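Take a look at these structures.
Each of the two complexes below includes subunit A, the first together with subunit B, the second together with subunit C.
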Partner chain A sequence: MLDLLQPSQIWLTKLDSRTKLLMFLAYAFAVLSTKPQMHIAWIALAVLLAMMFFVARIPIGWALRRFIPILPFVGLGAIGLLFGGSRETFIQVTVKMLLCVGAAIWLSATTPFNQLLEGLRKLKVPTLLTIMLSFMFRYLFVLAEESIRMSRAYQSRCPRKQTLKDAANIGKLAGALMLRTYGRAERIYLAMLSRGFDGEFRTISVQRMTSADFALLIAFIVSLVLIVISLR
Partner chain B sequence: MHIPDGFLSTPVLVATNAAALVTVGFAIKKASEELDESQIPLMGVTAAFIFAAQMLNFPIVGGTSGHVLGGLLAALLLGPNAGMVVMTVVLIVQSLLFNDGGILALGANIFNMAFIGSWCCYWVYRWLAKISKSETVSVAISAWLSVVLGAVICALELALSGAVPLVVVVASMAAIHALIGIGEALVTVAAFAFLKRTKPELVRG
Partner chain C sequence: MEERKLEMMREILVASLFAALGVIVPILFHLVGLGRVFLPMHLPILASGFFVSPIVAGAAGFVTPLVSSFLTGMPPLPIAIAMSIELATLASFASICYRFFGKMVQLQKGIGKIISVLSSTIAAIVARIFVDLILIATVIAPLLQLPAGAFGLASVLVGMPGIILQLTIVPAVVLAIEQVQRVKGLWTSER
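Then we have the complex of A and B:
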């Protein structure tokens, strides 16, 4: 689950992250604007998405695993179907979820997170949020590995079948993890002070919207509009 | 409980994103007043901690395993406003980095899990602690509620979008999460008691 795609050095990762964010939003809105009987438009949108995946050279296995979180919602739709929901609605919702999540997977596969953060900063997301996002991204993997290690150590010393009673011990593990987190946060702050931190977070800006960004964005939006309007 | 994109209808998306913008804006404003800059690293790393704590699985019933969501725990550690901001950050990272939960549906997920599951349930906890005089019971009930309430509101949003019949989705989501909530309550109570014993200055509430 923690497995991120190494961004390949292709022209897609060099585009401004705002371009790709806007492409995702345009695609998702196009998908949401389709009506239940627009099957051909869905196929066209799926082909467009497949082309985007192909251009970005995203490994299929990696992408498929990222669809797993939507399975409970497909299941929920299926339960609704069993209890008198319409089949048309179920198909529509499932297709829309697959297309939208596919586009989101494309976005996270082609855009390194620090670039996405720079894009969010430029789109005027509150500073406190973007700073916390960058802290979280920096320490996420460190703490996740610590959590996996602690969990494994617990399981190896607890050779019986685990029951709900273990939840209390998991709580203590979480508490111990928080103590380590707190110690880490203190050290991080001291390290920041020793490097001259004065309360202001300075960030560099490396991304620019170039003519290539605008050209791709416009071409993409025009093709989405054409698909949605002509195939209704 | 992380709603993906494509499930919610446009009116529900607009309403939930507006609600999330207002509540998160309020929480950010309040949190910036309460905390000084030395606590920003703590908040950021606590967000990473909540994410990591969600990886500690425990068995529920019949081979299925659950994990803690940590909404109430975040609020107990940092207070309701900073706790809500932390949960918002966790949800943004899960959506943008791991595709767990939609990007357009972020507003709905933030409303369900950060506002209801963290901010609201913290005040439920404060109220319970006042009337019941037992911290453990109050933590347990409000941690259970943070999961169940979040799931019920999530079910309502799904039903309002017209994707699934109302009674079915509310009943099934409430039933599943009433079970998951028991695990959440046990883990939160144990973590809270452990931290209160070892480092009392770390927990509020």
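Then we have the complex of A and C:
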């Protein structure tokens, strides 16, 4: 699930991360602002997304795998239909979910997380959030390794299909993971202090908004506005 | 000033690692085939509220669903926005209540500690449910054009096993960490 794509070195990945971030936000806003039964607008937005995927040269197999986690949510909505839920609402939520997730996949495939953080910093997102995101991303994979090791150990001692009764054990596993995480946080903090950390993060900024960035961003936003307004 | 900055950094570090767990624990639950009724993302976020200030806890709760959505695709984006508000409330309320009850309960060691941790957990969960029912179901969900039912009473009832898990696991983890802090004098957060 944490399988990230190494962005291919094309002109799109070399653009400023703020451009791609703003394109993503504009797209998500356009999707969420569409009214129910705007089927043609949804199709146009899907075509636009497909073009974005094509331009970014994102492997289709990888992208499709990233859609798998939303299937349970779609399934739950479908179950709701059996109990008298509105078909129109189900379609609307599913389409919007797919389009927004697709846009997030495009962003994650074209922008390395570190560049994204730099973009957020330059967009004046509060420092608390950007520092938190950078720490989070740095230790996410370390903790993921640890959790997989613990999960493997549990499954090797309990080699059967897990049922609801095992929820308490998995909960205890999560508890043990939290204890270890707290210990790790303390050790990292001590290590930072011992290296002379004074509470300031210093970064070298290499990204810059060029005329190509502005041109792409304006063209993209104009096409979104045209889709949402003309296909209303 | 310098010391305050460093203390803040320690809090951000702890909250970030718990937020990272907020992305991993749901994957752990899914690996063994246990579904979303256990609200696995809530567990580490709620626990983080006991160790950091309300603002930092709220920030951890806010970013976790968004990062998880960005990296793993779950929860899907429109739902992740609503969950951000829900988790920010949960973590910051746990932090506020723990500080408040900690001052009220005089017996900080033993039973007083257990009471303050348990009551803070319950208060944070109740606050989260209120935000779900009042703010998210009636204001945020219609704004995002999501069905209000996804955050209404039905969703609270579906998440009952998760609430039970939170009530058992989180106080145990918090008390265990505080016990370890007392035993190991080297820990930076020891007071």
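One rule holds in what follows: the second predicted complex is superposed on the first by the 187 of 232 C-alpha atoms of A that agree within 3 Å, B and C clash if a C-alpha of one lies under 4 Å from a C-alpha of the other, contacts with A are read in each partner's own complex, and residues count from 1 in each chain.
Simple rule for what comes next: contacts are C-beta pairs under 8 Å (C-beta built on N, C-alpha and C of every residue); 3 or more make two chains touch, one makes a residue touch a chain.
Predicted, not measured: the structure shown is a model, and the values here were computed from it.
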Report task. Using the superposition on chain A described above, determine whether A:Ala185 touches subunit B (first), subunit C (second), both, or neither. Result -> both
Query raised in the report: Looking at the overlay, what does A:Thr89 touch: subunit B (first), subunit C (second), both, or neither?
Result: both
Query raised in the report: Taking the superposition as given, does A:Ile79 touch the first partner, subunit B, the second, subunit C, both, or neither?
Result: first
Report task. Report for A:Pro36: first if it touches subunit B alone, second if subunit C alone, otherwise both or neither. Result -> second
**Report entry** subunit A residues contacted in one complex by subunit B, in the other by subunit C
**Finding:** 1, 4, 28, 32, 66, 69-70, 73, 80, 85, 89, 93, 96-97, 100-101, 104-105, 107-108, 126, 128-129, 131-133, 135-137, 139-140, 143-144, 147-148, 151, 162, 164, 166-168, 170-175, 177-179, 181-182, 184-186, 188-189, 192, 199
Query raised in the report: In their complex, what parts of subunit C are in touch with subunit A?
Result: 2, 5-6, 8-10, 12-21, 23-25, 27-36, 38, 40, 43-44, 47, 51, 55-56, 59-60, 62-63, 67, 69-79, 144-147, 149, 161, 165, 168-169, 172-173, 176-177, 180, 187-189
Query raised in the report: subunit B touches which residues of subunit A in the complex?
Result: 1, 4, 24-25, 28, 31-32, 66, 69-70, 73, 76-77, 79-80, 83-85, 89, 93, 95-101, 104-105, 107-108, 113, 116, 126, 128-129, 131-140, 142-144, 146-148, 150-151, 162-164, 166-179, 181-182, 184-186, 188-189, 192, 199
**Report entry** Residue ranges of subunit A in contact with subunit C within the complex
**Finding:** 1-2, 4, 28, 32, 35-36, 66-70, 72-73, 80, 85-86, 89, 92-93, 96-97, 100-101, 103-105, 107-108, 126, 128-129, 131-133, 135-137, 139-140, 143-144, 147-148, 151, 154-155, 161-162, 164, 166-168, 170-175, 177-179, 181-186, 188-190, 192-193, 197-199
Query - subunit B residues within the subunit A interface of the complex - result: 2-7, 10, 13, 24-25, 28, 31-32, 37-38, 40-49, 51-53, 55-61, 68, 73, 77, 85-86, 88-90, 92-93, 95-104, 158, 162-165, 168-169, 172-173, 182-183, 186-195, 198-199, 202
